[in-house]
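Next up, some structures in structure tokens.
In the two complexes below, chain A is the common chain; its partner is chain B in one and chain C in the other.
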Partner chain A sequence: MTGRLGLTYALLGAAALAVAVLSLAVGAVRVPPGVIINTLFGLDGPTQDFIINASRVPRTLLSALTGASLALSGAIIQAILRNPLASPKIIGINSGAALAVLLAAIAVPDLPLGWQPLIAIAGGIAAVSIVYAMAEFRPISPARLALIGIAVGFTCDAGVDFILVTADTYDISAPMIWMTGSLWGRGWQHLEAVWPFLTVLIALGLALAFRLDLIRLGAAQATSLGMNVRIERLVMLAVATLLAAISVSVVGVLGFVGLIAPHIARALVGGASRQLLPASLLIGAVLVMLADAAGRAILPPIEVSAGVLTALFGAPFFIYLLLNRPSHGDE
Partner chain B sequence: MRSSLFGLIAAMALAVTTVHAAEIEHELGVTDVPDNPERIVVLEFSFIDALASVGVAPVGIADDERRERVISAYTDVIGDEWVSVGTRRSPSLEVIASLQPDLIIADLSRHGEAYETLSQIAPTIVLDSLAGDYHDSVEQMSVVGAAIGKSEEMDARVAEHRALMEDYVAQIRPLSEGKSAQFGVTNANGLWLHSPASYNGSLLEMFGFSSTMRPDGDGGVYETNYVPTTLEQLSEVNPDILIFGEYADPSFVDGWAGETLYDALGAVQSDRVFNVTAHNWSRLRGMLAAELTAADLLEIMGQLE
Partner chain C sequence: MSLAVGRAGAARLPLGLSVALLLIAIAGGALFSLVTGGRSDIGLAAIFKGDATSAAVIRDIRAPRSLAAALIGINLGLAGLALQAVTRNPLASPSILGINQGAAFGLALALIAPHAVPLPLDGMAMLGALAAGILTFAIAGGFAGRIDAMRLILGGVAVGAFSYALVRFAYTLEDELARSVVRWTVGDITDIRWPPVLRMAFWTVSGVIVAMLAAHRFNLMAMGQDVAKSLGADPRVTLLIGMLLAAGLTGAAVSVAGPIAFAGLIVPHMAKLLFGQDHRILVPTTALLGAALMLVADGMSKVVSPPVEVPVGVVVALIGAPWFLLQTLLAEDLE
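Right, the complex of A and B next:
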């Protein structure tokens, strides 16, 4: 079994590496491999400094990092809610972030552009806080948390739709692209702004993996095993929320990754969180890197949003897995 | 002593070389643009208008991958050698970089977010084309003129434009007196009226037309430039003259023919509904575009007689 797991991880790692190389190699402009190598390693000969060093490298790193974060967030949320349908979206993060960004765009059109990510993070956290506060009224149950999350999400979505149909196209033209989930125009400055936080949160999420396995047994079981379910659940929810909100703030609403990456991982390595989390992370990174690379390459010079393509690549594979899995519960 | 003298000379030499760059003030700051940039990439149609008006051809255009969107009035001047850099909404930064531009002209609402990244490719100036009105658009011409080192030519062209427009105003105003006119674009799915705050709204106002659209915000401001409008809302606006730009055939508005509410519109009753080229009126937003619009309007007024 360990051997098989090792092989799976080796394959996942190889896939991530291969997709990263692909992401550096493809785009609207064809750059010969020799030029890419010259540019990357500072060798003599023709180079393409902006395209490789200022665009493809940071975009590849950023898509890997945010894909990993969103997938990890989804895996944690699915465990906390004990629900395979759960994802960052289900507890209101995406909708809260989108509403906050659009509200800011129409209320303060002159707001400096650097504020948008902070507003998105604040919106995501605010939505989850509302969800959590309401779910806490009575002894918390995963189902109630999810249902309240959906309700709050729909309320935010109503606000988003209202703004989309009433606001000026020019006030919301930048937020619109962001809402589809896109790495267009992203560079080192975006990566620098998020990597320290996301790396720490990823480490924290992985460290908490075995506690998640206790939570998945159910609150009563976990308590009897000496766990303070309420506190630990809150901590894990906070980690998952921050992972998703920070990712969404910089690359937009890549909604589907958080749902499907953990499922793909589950089919490959099984349901134990200490396996599921690292595998989800790698799969999330692969999915978003692949989507971003394809988005740059399939219709040049038109850029197709990564958010569109994660669903396009992920969904069929997701369905395939569901159809081919023995139907004994959710694990 | 000697070394500080060297330093002084070096500093002066440096000052001489940097003096060539023009400091251009734009929406997002001040950019040093090299003298007489030759490889220019533009990311909105009104910037093509600006370049064409002084006979400069861009190397790259965000033309939405539809070259026909750059109208013949422009291609007559700039030729058709440009490289498409993708959509105006999210142009390909790789393609822009591959053109090795020495100046990029971007739009505030569409590309403001990418200003920093664009600036890594080439000196970038950001102007407010999408959200601006006609008067803003003419002012931006001078900024572009200064950025491309053709201030004098641009000033002359702007003066010529203003004179031409005054001429149109003199011809149209007597005919437009006391009349309201409304422009809107219609595709297969809807109608969008262009409010007095929009490019076309401000043009119609200049030609002496009043507007029957009511401000929707506090203090009599129009909250949006482009207002989605139903037949019922249109019958409330009910202007004397209706001008439609159709992006689809048949358009959404065509489907209203025969409806009681539509037939009761003042403009329909008095046969004052006109069709113009939607693309020219609605998307171009430049100086030449304004002249085309004015010529269309004059023709429309001729048909009223």
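Right, the complex of A and C next:
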């Protein structure tokens, strides 16, 4: 069994590496693999210093990091809510963070980049608090929780639309691209703004993995095993919220990654969180790198937003999940 | 027959008075929508002074826009009413079930490749609406005879997200369209002129007639699929009628204004609050209420943050989204 798991991780790692190379190679200018290797390792021969080092390397790293964060966030949320339909987007984190970032961009136009993650966090937390408060208010089914999250998301989206259409076009041209979930124009400075937060949170999320397994047993069993379920759930929800909100602050609303990645991981390595979380992490990284690379490769020099591609593949997957659960099995 | 009337007797005001109030609201909304706009000096009084410019502004710019707003309100309100009736789900509406977004995709196709598609703009929008509606109903199990409430809503949201991603993908291909994408994807009637409005009027009138004819079937459906069947109204036929009606009305509205969300959700609910549950009364009153709401929203869209006009779809969403949230929290019969 361990042998099979090891093989799975090796394959996932290889896939991540392959997609990363693909992401470095494709775009408005195609760079052959030999040139990539020359540039990265400073070898002799033809190089593409600017395209690779200044543009595509930070972009690829950022897509891997945000993909991993969104996937981990989704895996944690699905576990604590015990809801296979849950994801950062479904419970309103993405839209709340987007609204907050946009409000800040309008109110303080020359806000330093470093503030953006903090503002996104505030918005994400606000949205989740509403959804979570509703869930605490009375026992509700997983499906209804998803519905409340969707409704909170719709409300935030209405605010986002209002800001986008009333603001000066100059102010919103950048937020516009960001809203569709794109890595266009993302570089080293964006990576620097978020990587310390995200790596710490990822480490924290992975460290909490075994406690998630206890929670998945159900509140009663977990309590009898000595857990303060309420507190632990809140801590984990906070980690998941921060992961998603910070990711949204740099790459915008990348829907469905947090939903899909944990499901693919579950199919590959099973449901135990200690395996599920690292696998989700790798798969999320692969998915977002792939979406970004594909968006650049389909119609160069036009870029299709990564968020469009994740929605095109993610929405049918969500429907598939919906059809494969018992229709009245709302726990 | 008395069964079919249901709770209609619980109407709060005498029907005649309510309808009179609604008509007054429409007249007020129409006036509001006609006298507001970029040229704030042009009011109704200007026409009677015989000023040619003012008359032209009212006749060629504001009148078609106001009429379009009213027709869109009627279309979306009735589409929502029909969907809520045949699915027996209070959250059903063109935007929640993905039908709006499906229509938008059909329209985007027709705009990008006018020669490659078999139908004109409104036809493609209706086709897109129908495709999305069929997909959502299939996911919910509607064709197998039992609609699962949660699958209907969540499936609809997913179908909507998918169609919307297709719309955005289509815009990526066509730079010219991308320029107006923000205003258009939220529903906007700023630049509308007479020809599309008249075409839409044809669909609206047809839709109202079909809805009136189907009202009794909708009443039977409200009593449950089994009761409806035993009284001679096959639920599957009612479902089909409701879906065709909703797709046609939504497609016509979207082809003119883009996907305006939430109007189809809140208008039928307001009508039910005011007039009870009898669809023979609800069909005409929902139409009137939809027209009144959209006329007021259109007027507000011009005065909320001058000189920028907020697309009317945003005004409606700012009212409708919180309403949807409230309803999600309060609805008892979802599980």
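Everything below uses one rule, namely that the second predicted complex is superposed on the first by the 253 of 331 C-alpha atoms of A that agree within 3 Å, B and C clash if a C-alpha of one lies under 4 Å from a C-alpha of the other, contacts with A are read in each partner's own complex, and residues count from 1 in each chain.
Definition applied: a residue touches a chain if its C-beta (ideal position, glycine included) is under 8 Å from a C-beta of that chain, and two chains touch if they have at least 3 such contacts.
Worth saying up front: this structure is predicted, and the values here are computed from it rather than measured.
Student: More residues of chain A are touched by which chain, chain B or chain C?
Tutor: Here the partner covering more residues of chain A is C.
Student: First (chain B), second (chain C), both or neither: which does A:Val165 touch?
Tutor: both
Student: Can A:Ala28 be said to touch chain B (first), chain C (second), both, or neither?
Tutor: In the superposed model, A:Ala28 contacts chain B only, not chain C.
Student: One more residue to check, A:Ala151. First (chain B), second (chain C), both or neither?
Tutor: second
Student: Classify the contacts of A:Gly185 with the two partner chains as first (chain B alone), second (chain C alone), both, or neither.
Tutor: A:Gly185 sits against chain B, while chain C stays out of touch.
Student: Could you look at A:Leu323 and tell me whether it touches chain B, chain C, both or neither (first, second, both, neither)?
Tutor: Second partner only.
Student: Looking at the overlay, does A:Asn228 come into contact with chain B only (first), chain C only (second), both, or neither?
Tutor: In the superposed model, A:Asn228 contacts neither chain B nor chain C.
Student: Just chain B (first), just chain C (second), both, or neither: which does A:Ile302 touch?
Tutor: Touch status of A:Ile302: both partners.
Student: When the two structures are overlaid on chain A, which partner does A:Thr199 contact: first (chain B), second (chain C), both, or neither?
Tutor: neither
Student: Does the superposition put A:Ser55 against chain B (first), chain C (second), both, or neither?
Tutor: first
Student: Which chain A residues lie in the overlap of the chain B contact set and the chain C contact set?
Tutor: 165-166, 302-303, 305
Student: Residue numbers of chain B touching chain A in their complex, please.
Tutor: Chain B reaches chain A through residues 65, 84-87, 89-95, 97-98, 109-118, 120-121, 130-131, 223-226, 228.
Student: Please output the residues of chain A touching chain B within their complex, sorted ascending.
Tutor: Chain A reaches chain B through residues 27-29, 48, 50-51, 54-56, 113, 116, 165-171, 173-174, 177, 182, 184-187, 189, 296, 300-303, 305.
Student: Hey, which residues of chain A end up touching chain C in the complex?
Tutor: 85, 134, 141, 143-144, 146-148, 150-152, 154-155, 157-159, 161-162, 164-166, 172, 176, 180, 255-256, 299, 302-305, 307-309, 311-312, 314-316, 318-319, 322-323, 327-328, 330
Student: Touching chain A in the complex: which residues of chain C?
Tutor: 91, 139, 141, 148, 150-151, 153-155, 157-159, 161-162, 164-166, 168-169, 172-173, 182-183, 186, 261, 305, 308, 310-311, 313-314, 317-318, 320-322, 324-325, 328-329, 334-335
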